[in-house]
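After this come two complexes, each holding chain A, first together with chain B and then together with chain C.
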Partner chain A sequence: MASKTKAAAAKGGEVLTYNQGTFRNSALVRQQTLAAYLFMLPALFFFVLFVVVPMVMCLVTSFFDYRMGKPLTFVGLAQYVKMFQDPTFLKALQNTFILVIVAVPAVTAFSLWVSSVVYQFSAFKRSFFRCIFYLPVVTGTVAVAVVWKWMFNKYTGLINYVLGATGIIHENISWLGDARFALGCIILILFTTSIGQPIVLYIAALGNVDPSLIDAAEVDGANNFQVFWQIKWPQIMPTTLYILVITTINTFQCYALIQLLTSGGPNHATDTIMYYIYYQAFKLNDYGYGDAMGVVLAIIIAVLSAIQFKVTGSGATD
Partner chain B sequence: MKKQLSLLLAAGMAASLLAGCGGGTSSTATDSSSASTATSTAEATAESTTASGDGLTADITMWTYPIGKFGDAETVNSIISKFQETNPGINVTVEYLDYTNGDDQVTAAIEAGTTPDIVMEGPERLVSNWGAKGKMLDLSDLWTEEATADIAGVSQSVVNACKGADGNYYEYPLCMTTHTMAINKDLFEAADALQYINEDGTWTTENFQKALQALKDSGVDTTMIVYCGGQGGDQGTRALVNNLYSGQFTNPDHTAYTTDSDANKKALQQLLDWSNEGLISYDAAAQASDELQLFANGTIAMTLCWNASNQAQYASSVTFTPMAVAFPSDDGVPELCGGIWGFGIFNNGDDNKAAAAKEFIKFLCDDETQGPESVRLTGFFPVRASFGDVYTGTEDEARMAEFAGFMQFLGDYYPVTAGWAEQRTAWWNMLQQIFTGTSVDDAVATYTETSNAALASASA
Partner chain C sequence: METSVKSKKLTPGKVAVDIVLFLLAVFFIFPLYWIITGSFKDRVAVNANPPVWFPTAPTLDNYQRLFDNPALLWLGNTVLMAVAAMALTCLTAAMAGYVLAKKRFPGRALIFSIMICAMALPKQVILIPLLKEMSFLGLHDTLWAVILPTVGWPFGIFLMKQFSETIPGEMIEAARIDGAGEIRTFVSIILPMVTPGLGALAIFTFINSWNDYFLQLIMLNSRNSLTISLGIAKIQAEMSNDYGLIMAGAALAAIPIIAVFLAFQKYFTQGIAMGAVKG
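Coming up: the complex of A and B.
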């Protein structure tokens, strides 16, 4: 086993040695650990204050009947029981799963496809396309929603105009007001606003694949598909895992588009769990029920993320 | 180890979601702690606000929804400057809300114990929502016998609307209006449909149908839209349904929603029939703002969401003559929905600030010079009989006279009914169901059950 020795100057000028990252001087280890924690402390403070504490409060209040203007009453699991008897919640859950099942693979696959093409371009063209695809991300959600709402407008919308002019439709369609199309429209908008970050990440990841491995594979007679599947795909697996997890979480949390475009309608066709949480907490001031739904959503996301880690081998490069 | 780390990472990400959900409630776990937070905050700030001599000294805050020019910082600042000429010790800071996020901001402030001193809006929020939940201060001392008689002189329903179920007044009103429809007069003239509208702006349901037919026959593609994409401007669709066959939205004492009456169901069926015949349209993606835009650009011939303020807002952008009309009714005598706006004070536990806030409200509403001017700034009508016609001699005199004529048709102010927030969502969902195949009976039954259950829960 090759031995790698490094010298490090300790505080008192003492020269210490370690083999393969194993420190022999426990005092130095303690010192460095303490320093690490001190560096983490500011972030940790805010993490505890703004993430852990609200998280615990959310969990605790989900066991209470907690509504504005009413006394706080412990109800045990009643909110959770109510939730699974609430047809609107179940519809929202179903819609959310449809969003995730359709949008996440579509976003990931499309991003990978675009990136595979774009990363081979010259630096200028690569930057240009990165900007184009990232534009919907940096554009405010409200602005994006307003533009899409105009395009989907039943009476003056661009889509109806084009489809009508080309004879594809003979009667205007209320795209966001028709249960047959509304969720599909939301998925389309979500798709366009979600692909920016994955494309940028994939372009970076593909650019970091060791070219010597690709050259070697090609010399050995590998075709394009084999090069991608055997060389590039394993190398970008950590990026893929990150994209899958982040896109899944973002899709599960789809709220703003619903709030701005459909309010969950028509007939709850576009209700999502996050929108329903908002509705219960902020419109009806039923915080306990909203918190209970938040807990369930968090559990679902945690489980799905764990599955994604498992399936993708924890994102490790082989 | 890697797997454990990965799972930990996944749990952390999920945890951050959970934290997001709890964000709205992070400041207080209970109402009692909320109250104590508010009290301690008040005690702390009270040190910097003391009564001195004849004048109060306090820093107060006001949150206002965009009610006419009360949404304009320059205008409000000039009012504050006038107020400070006689109350130099009271500083007023104003934050401007919008109807999209305003309620959420107030809800978050209530839970965080950071509510403003004064809020400007209507009884459906100040009285039946925040007041009923114990968040507002009783303003009975502002309601002197003289003021009550003066306001009742315009409409007793304004007095009733500002009073909570517990008998306390949670709002001191400034202005009011009636919500009407409007027609594109040019299109109606071209279709020879103006003959169906009476001189006072009323029309019967029968004549309304004739007008719809005339418009269609003249080539108008979309006469009007029953919008039901959300709660924005839902008073328009409510008024249309209630008036067609003289139905009532609630019972007289506001203890039950009565949309399941035969008159209301007949009206809903009539709208569905007209839609099926192509006389009207419906859009589950549109709210009142969308419908108003379509009216303003001439796409549709009528809007259900009109009042003096909307007319002023769209006056410069329309290329036709908009004409306010009442909602059609079977007997030709409409009952129009009203809008009331005024001020409430959040119960922040600081008597000194509350006193200062009341001084400011009295200046805005009662001052013989500023009171009428405040009303003019809203673009609506005074709730006090003693103010008379505040638009006499102004450039808005003729325009406002058109709307003043509709005040005689002001109906019951039912938005103070308990369970209002849940009812509003149930209403547009009901319309969506009716226009997409659910029978009127079933959709109305679901709506009524949901709304009355919310009413019972809120009243418990």
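Coming up: the complex of A and C.
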């Protein structure tokens, strides 16, 4: 047992606590194992009870007709079939993809640009800009949403005033009440609340790029553009990948802004999957249908994350 | 951390970048400015056209009306919730992260893989079954219903595992040879060494819990158990054009958490970077 674990340790290159000393008997191993489980227990308790169990329940109930005040009946894949014949779901799916396709590249590219400027500043200025761009995240969705709702207001909103005063528009626009503009407004606000974390990550990653590589490239006559693409970009690739994945996941889950700003309106123009799930589950009390849509959303996110890993990962090794 | 010596010469390109960055900073800070100034405007100033850029005759009327709602109770609930979620998360994650990083035991790899997979899934998807579970446990509409799922989310374990891996195994071994038990080793050797990680996790959990509007919305609904975020949303839904009052509520929700963030932002930014870059 002890030699086996030691071999495993040598393979993993890590130091194990229980086979380094002079005692190598199984009683010590048993005691260490027991201690490890006891240390894991509290975290596992919360994780299993409040993450794993609901995940399993979500999957299981998606195969049932499960509504408030009705008996549970097994319906197989009927919820999934119903979903793809539901025009509102398809509209919500489309809107969600628009959000992701616009917001994820915009957030990633913009935060990379800001970070590559800001990380060269002095520590104080760097910290200042990092805080500024993180501010909308910390402020909280509700506070951000209510102030934007006011600014977008047709009559008392600042945006109509500024655009009117500068002659860009001639009559007030009902930004959040007009199907042509509402989704765009949501994307703008989503953008301001999404770039904080990527900027923090990119600034850290760019700070970790080996300066001697940059110096060497500059001595060899590389310009800024070449230094960026040849030296920095490959080194920050893991961070880019992580940012793409978390931004995709977060954008797919966009709910609070929709609920607070438009309630999915006008006429489902700003429904997202997440909003529609909770509309079905908590307004119409159709839990089974909501859970089935949740499963589909989870699958979409898992597939997209895998694709991003594959595409971006292989791009890095070229 | 500064890289190579950059030339200090100002070029038109650099000036343009600085101007763009400055304008962006103004754009990002403006909503907060509008919340704070709006909260001191009277009804006339709030609805004025052209807008009042700065309230020259500030009024506390909005805050008085805000406190006629149980806004202080909502704020108290929010603080209680965020502190409890933070403390429980830090304790459980520090213990689990330590053994996942530093001990071998059967099932270790499996547990860690499941946690990583769970983190890649959208956590909002499980809110429907979670609500049913909380009702079943009799915790629905109590603060526990928002605290416990926050503690269960495995990000903290992941983060603390990253930090625990930097602890030299020799130190743990030395403590054991000196006769320190598991708990004493953890408290007097491990915890001091992972303090930066714990600081990051604490502030991260506090802010996330404070701002997790969706979870709060699903779990809490009676007037006296609301959080400040839910309270503001409720006021907005009921009095949608009373922007002075709504801004006062937004200020009350935002200012404390921004103050906490600014006070501990060093830990926070370190932690976010550590969790991802090393992950």
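Note that in this section the second predicted complex is superposed on the first by the 269 of 318 C-alpha atoms of A that agree within 3 Å, B and C clash if a C-alpha of one lies under 4 Å from a C-alpha of the other, contacts with A are read in each partner's own complex, and residues count from 1 in each chain.
Methods note: a residue touches a chain if its C-beta (ideal position, glycine included) is under 8 Å from a C-beta of that chain, and two chains touch if they have at least 3 such contacts.
Just so you know, these numbers come straight off a predicted model, no measurement behind them.
In the three-chain model built by superposing on chain A, chain B clashes with chain C.
When the two structures are aligned on the shared chain, A:179 is found in touch with chain B, with no touch to chain C. Once chain A of one complex is fitted onto chain A of the other, the partner contacts of A:223 are absent, as it touches neither chain B nor chain C.
Using the contact criterion defined above for the overlaid structures, shared-chain residue A:152 touches chain B, although it does not reach chain C.
When the shared chain is aligned, chain B comes close enough to touch A:283, but chain C does not. In the superposition on chain A, A:141 contacts chain C only, with no contact to chain B. By the touch criterion defined above, A:69 reaches chain B but does not reach chain C. In the superposition on chain A, A:262 makes contact with chain B only, while chain C stays out of contact range.
In the superposed model, A:309 makes contact with chain B only, not with chain C.
Of the two partner chains placed by superposition, chain B and chain C are both touched by A:298.
Counting the residues of chain A touched by each of chain B and chain C gives the higher count for C. Residues 50-55, 57-58, 61, 149, 153, 155-156, 245, 249, 252-253, 277, 281-282, 287, 290-291, 294-295, 297-298, 301-302, 305 of chain A contact both chain B in one complex and chain C in the other. Looking at the complex, you find that chain B touches chain A at residues 2-3, 6-7, 9-11, 13-26, 29-32, 103-104, 107, 110-111, 132-135, 222, 228-231, 283-286, 290, 294, 297, 299-300, 421-422, 425, 428-429, 432-433, 436.
Residues 50-55, 57-61, 66, 68-72, 149, 152-156, 174-179, 182, 245, 249, 252-253, 261-263, 265-268, 277, 279, 281-285, 287, 290-291, 293-295, 297-299, 301-302, 305-306, 308-310, 314-316 of chain A touch chain B in their complex.
Interface residues of chain C facing chain A in the complex, by the touch rule stated above, are 1-4, 6, 17, 21, 24-25, 27-29, 31-32, 34-35, 38, 46-47, 49-51, 88, 91-93, 95-96, 98-100, 102-106, 108, 111, 114-115, 118, 120-130, 132-133, 148-149, 151-154, 157, 168-170, 172-173, 176-177, 182, 186, 207, 210-211, 213-214, 217-218, 229-230, 232-233, 236, 241, 243, 246-247, 249-251, 253-254, 257-258, 261-262, 265, 269, 272-273, 276-277, 279. Put simply, chain A touches chain C in their complex at residues 5, 8-9, 14-18, 20-21, 32-33, 35-40, 42-44, 46-55, 57-58, 61, 114, 117-118, 120, 123, 127, 129-136, 138-144, 146-151, 153, 155-156, 158, 161, 165, 192, 197, 200-201, 203-205, 207-209, 211, 214-215, 218, 238-239, 242, 245, 249, 252-253, 255-256, 259-260, 274, 277-278, 281-282, 287, 290-291, 294-295, 297-298, 301-302, 305.
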